[in-house]
Each structure stands twice: as structure tokens, then as C-alpha cells.
Amino acid sequence: RALGAQQIVFVGYGGVNQEWYEKLMVAEFTKDTGVKVIMSSGPDLAKLKAQVMTKNVEWDIMTMSSGLAVGAEREGLLEKVDYSVVKWQDSIQPSRECTFPFYTYWGGVAFDPKRFPIDKVPKTWADFWDAKKFPGRRGLRDRADEMLEIALMADGVPPKKLFPLDMDRAFKSLDRIKPHVAKFIAQTPQTISLVQTNEIDFSYAFAGRVDAAQKEGISMDFVSGQPLIISTFIGVPKGSKNREAAMKLMSYFARPDMQAAYGNALPGNGPIARAAMPMLSGKAKSMLPNADDPQTAFVDMDWWADNFAEATKRYKQWLLG
Amino acid sequence: MTNVDERLSLTTAARAWRRTGSTIAAFVYFFLLMPSLIVVPMSFGDKREIMFPPGTFSLTLFREYFFASTWMATTLQSLEVAGASAILSLVVGFLAAYALVRYDFPGKRLLNLVLLSPVLVPVIIVALGTYLYFSSIGITGTTPALIVAHSVHTTPFVVVTLMAGLRHVDPNLEKAAEIMGAGRIMVLRRVTLPLLMPAIFAGAMFAFLISFDEVVIAWFISNTSTQTLPVKMYSSIQWEVSPVIAAVSTLLTLLSLVVCLVSAAMQKPA
Amino acid sequence: MATAAMGRPGSKGDLPILLAPVTALLVLVFFVPLSFVLFYSVYDNGLTAKAFVSLAKSTLFLRVLGTSFDIALSATAVSLLLGYPIALHLARQPPRRRALLMILVLLPFWTSILVKSFAFYIILGNQGIINQALRWVFGEAAAVKLLFNRVGVIVGMSHYLIPFVVFPALASLLAQNPDLRRAAQIMGAGPVRIFLRITLPLSMPGVIAGGLMSMVISLGVFVTPTLLGGKADMMMANLIDFYTRDTLDWNTAAAIAVILLALSGILIAMLSWVRRDDGVA
Amino acid sequence: MAMVRLEQVSKRYGSVAALSAVDLSVDKGEFVTLLGPSGSGKTTLLNLIAGMVAASSGKVFIRDRDVTDVPPSQRDLGMVFQNYALMPHMTVFENIAFPLRVRKMPSAEVRAKVEDVLRLVQLPDVAQRKPRELSGGQQQRISIARCLVYNPSLILMDEPLGALDRKLRDQMQLEIKRLHGQLGITVLYVTHDQEEAMVLSDRICLMNQGRIEQLGKPAELYFHPATPFVATFLGESNLLDVTLVTAEPAAVVRGPGGCAIRSEKQVSMAVDASLRMLVRPEHLRPLAQSESACNEVSGIVSNVIFIGGITCYFVQLPDGTVITSRRLTEGAGPPAAIGSPIRLGWSAANTVLFPAGT
Amino acid sequence: MAMVRLEQVSKRYGSVAALSAVDLSVDKGEFVTLLGPSGSGKTTLLNLIAGMVAASSGKVFIRDRDVTDVPPSQRDLGMVFQNYALMPHMTVFENIAFPLRVRKMPSAEVRAKVEDVLRLVQLPDVAQRKPRELSGGQQQRISIARCLVYNPSLILMDEPLGALDRKLRDQMQLEIKRLHGQLGITVLYVTHDQEEAMVLSDRICLMNQGRIEQLGKPAELYFHPATPFVATFLGESNLLDVTLVTAEPAAVVRGPGGCAIRSEKQVSMAVDASLRMLVRPEHLRPLAQSESACNEVSGIVSNVIFIGGITCYFVQLPDGTVITSRRLTEGAGPPAAIGSPIRLGWSAANTVLFPAGT
């Protein structure tokens, strides 16, 4: 095939997740097509925009947080997904025109079991907001996505009825927790490390991160009475010089067997495709929330696509106030 | 602040005044030194803890640094970029410093200010602008692009250092050589440059270290294959908490120590 | 004869050769990028001032502007308060000891900001050295929050800024004629009066230069607030970063950059006015 | 009453002895100059009196009070520095008012005093200027005024005119002399310029290597130098090795070429002892054919140098020694051609003898 | 053949005229000194000849070749600087060899030449030292040696002795004079020290404000100054306002107090014209009771200052003018007391007259 001589650039967030993309999807793709993949890290909206605007696109395929995916989509920085190459299957989240989710992860509360017995740890978001009953320093994120959702849940909105988000109500709710937040965290690893170094007691964190920390031997545990499920997306920058190969690589990320293997490798991360569920190991399955449980919430990408900028600015402003 | 000989009896007020001053100074010296004192023991801890003092003593972190290809590759890249921009800024800076010290021309003061402006303009602005511009001509991500971008930043330091050095090189020496029949190149080679060597060396060290430490511009301009060490550190802090940073920090502190010993030595003759 | 033309008596023929490289470097890699920023600040599918207009009305921007000045001023004040005694102490040391002590000031100056931030995590943190010491002396409740708030930012920034205060202050202290203080002593003045009436006023140009330099630097600071600051410690550079990366509003980002540039420009103009007698701006 | 008295004062800097066991006494109203080569300890001595450095041993008295351990601010003296030491950020008025302010004098009185003293130094109109707006000589006057304003009975001056050019210097010398006479203050003055010392001083204290070499009136030092060092430091001199012929009542020595040279003083040494003889160049007078003098040498003019008002004759004696004679330049033409023979004469009063090896 | 010739050379720095239309010609083998106050353009003139600055207008000739546009490296001259300008990173040998290396001389020859010239300046043993290991005077000798080694026929010296102390200076002056005599080189020498200029020069070129004020032999300038500026710059002088009484054949003027003063020159001015009269202090001789002189004034001794070999008498004339007389100090006691009347006399040859207002 003509793809043989090529190489394409993959951009992800680095770390252990990326190691597994490389071992699974990318290795398989290279084996099949002979296309070399350069693994790079640091997906960044500004860099993406600059590349697209100046028609000098270095990246060919990138993984994106939901916020980044929404931004890239809105700014028209992504190629349309060629669903003739990517075989989309029945999934717990819908695919989109320019991007699709390929695994989920979920947010709850991380804490140090050495410092807090389980009954002193907030389980629901209402508990998390209740500093009297569950005293301790909180850690939240410094961005609007996910925070507005848990603020509404804490205020009593049923997890399945979050969207469209009632922003005013969410910010009112956030006002109540603000005095108890020791740090609004920018970098995901800090959701764990700040608990570890005793800067904070209860951190909004992701299950997969806690699992990884436990494997390192760090004293860390995780509860979530009201899990919030978020997806990681993948897409191809507009004007990619290797669009065809990139689409081909994307299709590997949509494959249920790949997603299942990934889910097994990193428990706490779940496949999107329903067909992948049966292939999960017992341990992996036990570490995933039940998507259909009434207490489980999903982030709605459509709402965020329309409201991301406004919500984000308002959140930053709220932080400063 | 007082020049009276120690042994002359001072008024009580004078003595209290001096003691207060020395105490405050000692406190501030300690404050200034603390970070450097901290990172070194930290780097001998092990992989899991980020605590001071480290509970264990091991070389794990150094081993990880030296054997992980990603750290070594970025270090080599940083060495290359810092080395090249030091050389480039030395050449450019020497010519400019020579003009500024030895010649009088209209707009000299302005040029002086303009030369320093890359240091004075917030880096984030330069980084953003450079990125936009370099992408438009399609050279982002290349090592030469990094080198020139860093050179703009290091040149002012080189110019200032060389100007100070040149002020200590008596222009009469150049004059004398020329009157004795030496051409301009010969004067440069046999008189100016040998005498300027200490300043050139110091300027080179400063330029090297500044480029070696620079993160914001490199963060915008470099890509995977041209990533520098600080960028790797920065993204390490961002995406994975790796105590290897302590080891890297210790090595960088060592480098800083060398550079400031050199610049302290430089200040004595001045 | 080429060499003769080049070396013509008193000629300035070589000036272009000497200045061309630096000019090229500055123009190509500094001024053109800056003009890109200027361009983006007024261009969004046609010339427009809308970014500036909306910034003038944006509470977010105005707050950040306020915070920036707040932090910059406090960090500058702290640096002056800490840096001046150091300069004073250095100034009265014999040259050899001064050169040694100078290393203590130079070391932080030449240390990577990343290294320093990392170290401050360990020093200021809840489990950090200071809090461990406090707990050890006063018990569990004595721990104070030093990280992820204004304290952390000010500590980190002053640490970074102190050398910038010390250098010019020391220079103007050393430039003082020691006979002035001797004369005052002989005329009967005590140490406090000598300090307040002579040493301090005469070092003012250096102090002001150091203060302005600190302001310029701290207004543009980017890394420290992110790593050591809390929720309210957002500065202009961080806002630029936010508009650049999170909302992709480059028009606004560039406009903030232009405002920041203008503010720095004013401070630098003041700086070069203070230093007008030194020859070098 | 001795204004200043030093008793066996020594000062060491590490291994350098800046002053060795110096005794000195300065009377009230006297003008004493410390003169000596660079590094001889003049500034050290002054600083010891001012209290800027502490003595390694010995005692310092001012107005008969032991001030050895008193800080400078409490010694009540004035000091004038070579570089003026005017506060650049204060106006002339503020500069002069400074010592009065220290003494908490009421404002009205300060104003009056400053005006008085400005008139005294003949600069009544510069009160509102900054020091940098004045010439060097004017600045030095202000610095003297600042010193006079609080009436210290003792004023120390460390090469106050060293930074001024010749003309201004001559003028300021007269000015300082006038003020000293007018105000009756005691002045201890440092210089390394012998002319300045001779013009100004009641007594000169000639220092060398941390010791006082000779202390006395200018003419005393010039005409009766205690050592060849004093002789050579003050003025030009011809020094010759001679041997003693007659010791008393007035010494006679044998000079170069065997000629007998008479002096007016007796020498307490044995006959045939080696001596050094000094005669000042201006005391060597070329003798006309018929003329004769008490002492005479003859030789050949080896060089004539015309230096304006003075003409120098270099005369080579038969044994090769070259001696110098300085005469006023009388007319346009030189009276002696190079290579011509010449006889030089001088009076016995102008022969000065020292033991050899000093 | 003129070694150097300047034709109407001017040099402006912005609005400052450092040199205005200077004409100067220096003969081969001559020793010409540029003398003048600070800022008078001496260095500028030297730099113009060396090629370090370009003339704003006019032409420079060296050995009758127009070098106005020739770079310094091709003018074949030598220059000695006040601060020696020895290369601190080279040994004495390398320093002196430098101009020979530039001329690509073979090594053996270089070695021989350097040794020769080191012997010439009487420092044969310092070849392997670095300049900083030498004293100031030795360094200046090396710098002269470096200049002599390549036999430039013209040597420029810009205050070569300015950094040395008095003693060393006198010694080096003789040294430079010796080398000039011995080697027959042409020297153009800058100084602002009048004594140095008089000691060294064949001719002195006295400069003032960018112009040549007078050019001539030292004695010519001293005894026949063209202007009062020259008179006051060279040596001490008494300047008095007088009116012309007789113009020819030898002018007679009316001085202070109406006394008639004779000169030896005629003046081409109308009777009663105002003139300025100069008489040197050393030409004013105190007259004994019985003595009389061609010209005489009488007054009161207002001050006597003893400056070593010289004693200065300040004499106040009846109209208040103070004139100075300088005499050799002959004995220990001053011959005239302050306040006593005195008569001063001088010969007609020593009266110099200038038009008033110069």
C-alpha cells in the first residue's frame, strides 16, 4: 500500500494512558499498515489552531479531553470523521461529526484511607458539599466542565436530569463549597498528589488515577456514590497531511476489542462500545460504574459545545471573586 | 553603613542598629539559599515519596534520569540548542557591543534600549508572537527555529556582559596596535579578543544557561522531536508527578552554581 | 583599496557591518513576532477594536488586572524590604567577603524557575519543612496554609525578584562616597540619622530602578502563580494563556498582551528615566 | 593647653605598621601640617584623631581629655575631605545646616549661622544650589564652611586641595590661611605637597614609614634637616659623601676632589669619619673669574636646562659626581655654555652635615 | 623636508570646534611639544596626525605625502600613550615584537632587534615579564621601546609621563631627551606641564581653544610671549595696565603710581594708548638703599612666603596693585619683614608690552 513509507504524528496526554495506546492500537495499526507512528505529547488547542490557521499542520491525530474536543470542533479545527473507514458501533455515548469518544473514565472522591475511615468520607456530592458532617479540605478543578455538573448534583438535581445545565443554580451551589476548597486544581496528577502530600483531604479525582496510585503503593482510595462519566475523544486536525492514514488509525480506537483490552489494562477506564463490555475482565468490570444506574451522570457534549466558552469564562471569574 | 573601626566603642543605638541589619540580612540569605538546599537531598529519595527529608537514601531517581531515553534525548537537545544559541548570540552580541562601546553614533541610546527590550517584554507575548510567525513561515518545531528564538533572548545578556568587558579593554591598546601597522582583523585577533576572553566566557555561560533553562518559548516552538529538557520537565509536572524532577533539579542547581561562581569571579575585577 | 576604505581615519564605515546581525536578529525574531501580536489584537476578519472594547467591560479582565497589580506591588514591596537589607549588608563587606556572599544572591538568580517552584512545594506545603517545624514546636494545630494562596505566590515571586532589587541597590550603595558617612559622623550624626538622611536617599535611584524592574517582571509572570498560587491568583499572563489555549480567542489574548506590553513600556520608560545618568538604560 | 596630644600611638593593619609609637602635640590655634610620601601614615594619623580608626596601642587626647575610645560623633571636631564629601542630594544650605540640625539648633538660628558662614567663605549667594552646580574650588569652600559652622575648635583636613588645579589651589591656600588667622582655630592638615606645607604651616610634621621624621617650623626643616630624607623630601638637594677633617668648633670636611668644605656647626665625631653633606642647588652660585667664596668646587657644565624663571646648571665635578645649581633666569641668553668650566661657591652657613648611612 | 605638515586643518565634534584652521610644520629630527590647557585640542591634533580621527577640513602631510585619507596602520609612525597601552596578555618581548611580527620579520631578526632596543631603554632583563610586573616608569620605557623597534621616523607621544610621580618624571624626561638626541627621530610630544615642555622641546607649540597661540623656542615664548595668555601660561607673571608715554625708539610707559617704565622695543601705537605690561617675578629684584635700577617701583611688603628654595614677596604698590617678586632663598632669615617699605627694580630688557584688551 501507498501508506507504507509514511509516518504520522500522534499527540496524546502522555503518561501511562499513552503507553497503552502505543502498545495496543498503535502497535496493531503499524503492524497492519507499516505506517510508523511518532508518539508526541501535549495536545493544545492554541497550537492546534495556529497549525490549522497557518496551514502548517504537524499533528495527524490527537486525543482530546471533552473540553478540548468541544473547542476544536467549534473552531472547525478538525477533519470530518470518515465513518466509512471508522466502523462505529452501538455505544453508550454517541459519535460526533468530527470526533468520537473512545473510552470513558469517571469522577468521584479520592482520599487517604490512613487519615480517614470510610465512614468519614463524603460519598454523594451532597455529602461532599457538607463540610460540617464531613470536615476536611476539598480539592476541585479549576475549570467549568465537570464542576457545574457535580455542583448541581450536590444541590439535589437528579443525575439523569442535569442537562441543560442551570448555570445560575450551579454557581449558587458552588458558592457554598468555595470556602472549603483548599485548591482548585489545574493539572490532573495533582488530584492525587495533593492528597498524598496532605495538602487536601478530599479531592475530585478519576477512578483510573486512584487505581494507578494504589499500584504504586501509595495510600489512596476512591468512593463515588454519584459517578460522573466523562469521555476522551479522538480526532484528526484539519489539513492533516496524512489524513487517510490518520483515519485508518482512528478506526483502531473505535474497535471494541481494542477498547476492551485498554479497559482491562487500566481498570477504571471503560470502553464506549457496548460490544466491548463482555470482553472485560471481572476486575475491570467491578471498577466501572453502571451506566444505567439512576445515580450515574453523563457529561452532555452537545450542551457543552454550545456553552463551553461562556461557562468557562464565568467559572474563571467566579474563581477570582 | 558605618566605617568606624570595630574596636572603637559605639553608642548602644549604633550597636543595636548594626545587629538588626545583620540579622535581617542573614535571614534573607537563608531564604535565598533554601530552595537550592532542599532539592539536593530530595533527589536522593526514592520514586514514591515527595517529602522532606526523604526517608530513604537511593540513587533511583538519578538512575531513572540517566537511563530513560526521553530524559536523555531532551537533555541532548537542550545542550545542542543552548550551545548553538550561545555561539550565535556571542557573535551577534560581540559585534553589537563593540559598536556600542567603541563608536559614537546617533540613536546609540535608543539602540541600547532596543537591544535590551527582549528581556523586558513579558516572555508570554514573545512566545505567542514567535509561534504565530514561525508557523506562518513553516519553521516551528525545527531546531534552528529554537536556536534563533533563544538567541534573541540571550543576546541582551551577552551584549551587557561584553560591553562591560570591552569597557575594561583600553581602546588605546587597539589604537596602539593599529598605529604599529596591524590591520583590523589582526587587531581583533591579537588584541581585542584575547583581552575580552573572560567576558566572552562569562557571556557564553550566561547565554547557555538562560537558553538551557528557558521553558515558555521552547514550549511553544518545539515539537516532539525537538523537545528540550525544561519543556519535558514542565510537561512532567503537568501530566505525571515524577520525582525524577528532583534529580534533574539537582543537576540544574549544580549547573547554576557553576555559572554563578563564574559570574562572581567576573565581578571582582570590575 | 578595500582595507584602506575600511580603516579610513575615524571612519564609521564598519558600523553597518557591526550592527547588521543584531538588527536582523531583533527584527526577524523579535519585532516581527511582536507585530504579529499587535496585528492580532486589532484584526478579526477585518480591523476592529472590539477586543479592547470588550476587555474594558469585562469584569474578568478588570479583576485580573487588579489582581496583577496587587500581586506585583506586594511582591515588589516584599522584595524591596528583603532585598535592601541584603544590598546594605553586601555594601559594607570587604570586597572578598562581598564576592562570596554575592554567590548567595546569584545562585537563586541563575536557578531555573521550575526547580525553585518544585522546591517551594516542599518548603511551603502542608507537610513541608515550615509546617513540620511549626507542628513540632507548637503542636498539630499550628500548621498554616502557605501554598496555593497569595502567600505562596508572594514568597515565590519575591524569591525570584530579590536579586533584581539587590543588584541596582547595591550598585548605588557602592557608588556612594564613604566619606559622606564619615563626614556626617564627625559632624556628630548617629547611625540612624546617617542612614535616613544620607545612605537611604542616595541609594534611592537604585532602589527605584530595582522596584520598577520588579514591577515589570512580576506583571508578566506566568509560571509562579500557576504553580504556587490559589484560585484568586490569576495574573495577566495567565489570562493571556487562558484566552490563547482554553477559549482560542486570540483577538482578546493579543489585546491583553498589548495592554500588558503598554504597561511594561511605561514602567521601562520610567526605569530608563531613573537611570538616565548611567549611560545604559 | 594642647589641643591634640598623641602618646605612643601605634596602628597596625595586619602585618603593616601604618604608625609606630607616634608622639605629637598640637597647641591651640596652631596650624600643623602632616607631610610625607604616600603610605607614610598621614591619613591614618588623622583618622586616629578623628576616631575613624582605633589605635592598636597608645592614647589620644583632645583638649586634654582621653578620647581613645570615644566615637567620632562625640569628639567635637571638624573634618574637610579631599573630595569635599558634600551631600549631593542636599542644597548647599542643607549641607551646611546638617551639623546644626544634628545639634537640634532652632531653625531661625540655623539660618542666621549658615548665612554668616557663607559670607565668611565669600560665597553668600549659593545657598539654594546643589553642590554639583558649583566649581571644585567653590565646593571646597562650602565643605570648609560646613566645618566652620558648628565651631569645632579643631579642624582636620586631608589633602583638601588635592583635587584642584594649580591656580585654584594657590588661591585656596591663601583662603585657608586667611580663615585660620581670622578664626583662631586649630588646624591639622595633611598634604604630600611640600610647597603647600611650607606656605601654610606654623609647624610641619614630616612623616616617613609610620614615624615622625622631623617636626618643626618650615624654615627649620628646610635649613636644618635632621636627616637626608628630610633634606631630599623638602626641596632639591645635592648630597655628597665627604670625610671629616676638623670636628670643632666648626666642622670642616674633605669633599669630592679633595677640596676643603667649611660648615658653621660642630660635629661630635672622630676625624676621618664618613659624613654626608647637603647643599641646596639654589645656594650654589656660579662664581665670576675674580670672585671667591667660602666654599668652592669647580667642574664642567654638563647640561643647562631652562625652566622658565629658573635655570638649572648640571655641573660635573672632576670625580664624576654631578651637582645641580639653580639660578633665577636673568636674561634671554644662557650665561654658561655646555662644556665650559665653571666654579660654584656657597657659604659655610649653607653646608649641612649628616652622619653617613642615614 | 617637513616631517609633518598640517594645512588649515579643522576638526569639529558636533558644535565643538576642537581645532580651527591649524597650520603646523615639523622638521625632521625636531622635538616639538604641543602645550596648552585641558581641552585646547592637543590630543585631537595628535590623533589627526596618527589617523585616529578624520579632519573635518584641511590636509595632513607626512614626509610630504598627503595622508589625510590614509588609515593609521599605513602612516608608518609610532605612538606612546599616557597609560602605556602595553598588551597585558603579552610578555614584554611579545609586546615589542608585535610591530615586527605585523611586518612579517623573520624570528631570529625579531629576537635580535628586541634585545637591541631593550638595551637601548636600559631594561635588558625584563623580556619575559608581563607588563604588570614592571613599575610605571619601566612600563613607559617598554612602550617607548616598542615604538622605537620598528624605526618609525615620527613618534607621537600623548602625555607619556602624566601618570608618573615627580621624581620618575624628571628621570624619564632626561631619558626621552637622550633617546631623541641619540636616534635623530622626530618627536611630537603632548603635555600640559610647562616645565616639561621647556625642558624637552626644540620648539613649543602653545595651543589655546583649538588654535595655535604661539610657536617657537622655549626661551622665545618665555621672554617674548606674543600674548598675555602665553605669558601667564608659561611661568609666573605680573601683568599691569599702563599707558604709553613714548613709542620710539624704545617704548616708555607710565605704570602704577605714575612712574616711568622703560622697555627695549618700540611700539607702533599712539601716545596715551592703553597697554598691558608684563614683568616676570624673578626679574623683580629688591633694591638695597643705595642701589638703583633702570625701572623701579616702590611699595610695602604685604606678604612673604617661603617655599623652600624660593621666597615670594608680595608687594603692594601705592595704588593697591599687588605684584610678586621671586628670589632664591639665600639664608635662613627673611630679608624683608611684612609691612616694611621696599623698592623693586628690573631692567628695560625685561619689560614686555602688549596692546590692552588681549
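Here the chain labels run A, B, C, D and E in written order, and each chain numbers its own residues starting at 1.
The rule we apply is simple: a residue touches a chain if its C-beta (ideal position, glycine included) is under 8 Å from a C-beta of that chain, and two chains touch if they have at least 3 such contacts.
Predicted model, so just to flag it, every value in this text is computed and none were measured.
Counted as hops between touching chains, the shortest connection from subunit A to subunit E is 2. Ranked by C-beta contact pairs, the top pair of chains is B-C. Ranking all chains by how far their C-alpha centres lie from the centre of subunit D, first place goes to A. The distance from the centre of subunit A to the centre of subunit C, with each centre set as the mean of the Cα atoms, comes to 38 Å. Mean C-alpha positions place subunit D and subunit E at a centre distance of 28 Å.
Subunit A and subunit D have CA centres that are 91 Å apart.
Centre-to-centre, using mean CA coordinates, subunit C is 55 Å away from subunit D. Residue numbers of subunit E whose C-beta contacts span two or more other chains: 51-52, 71-74.
For subunit C, residues touching at least two other chains, in rising order: 3, 6-7, 121, 127, 182, 185, 190, 244.
Shown for subunit A are the residues that touch two or more other chains, namely 197. Residues 47-48, 50-51, 131-132, 135-136, 138, 140-141, 220, 223-225, 235, 237-241 of subunit B touch subunit A in their complex. Listing the residues of subunit D that touch subunit E in their complex gives 194-195, 198-199, 218-219, 222-223, 234-236, 280-283, 305-310, 326-332, 347, 349-350. Those residues of subunit C lying in contact with subunit A across their complex are 59-60, 63-64, 67, 121, 125-127, 145, 147-148, 226, 230-232, 234, 242, 244-250. Residues 50-52, 71-79, 81, 83, 85-89, 98-99, 102-103, 146, 150 of subunit D are the ones that touch subunit C when the two sit in their complex.
Subunit B meets subunit E in the complex at residues 170, 172-173, 175-183, 186, 190-191, 194-195.
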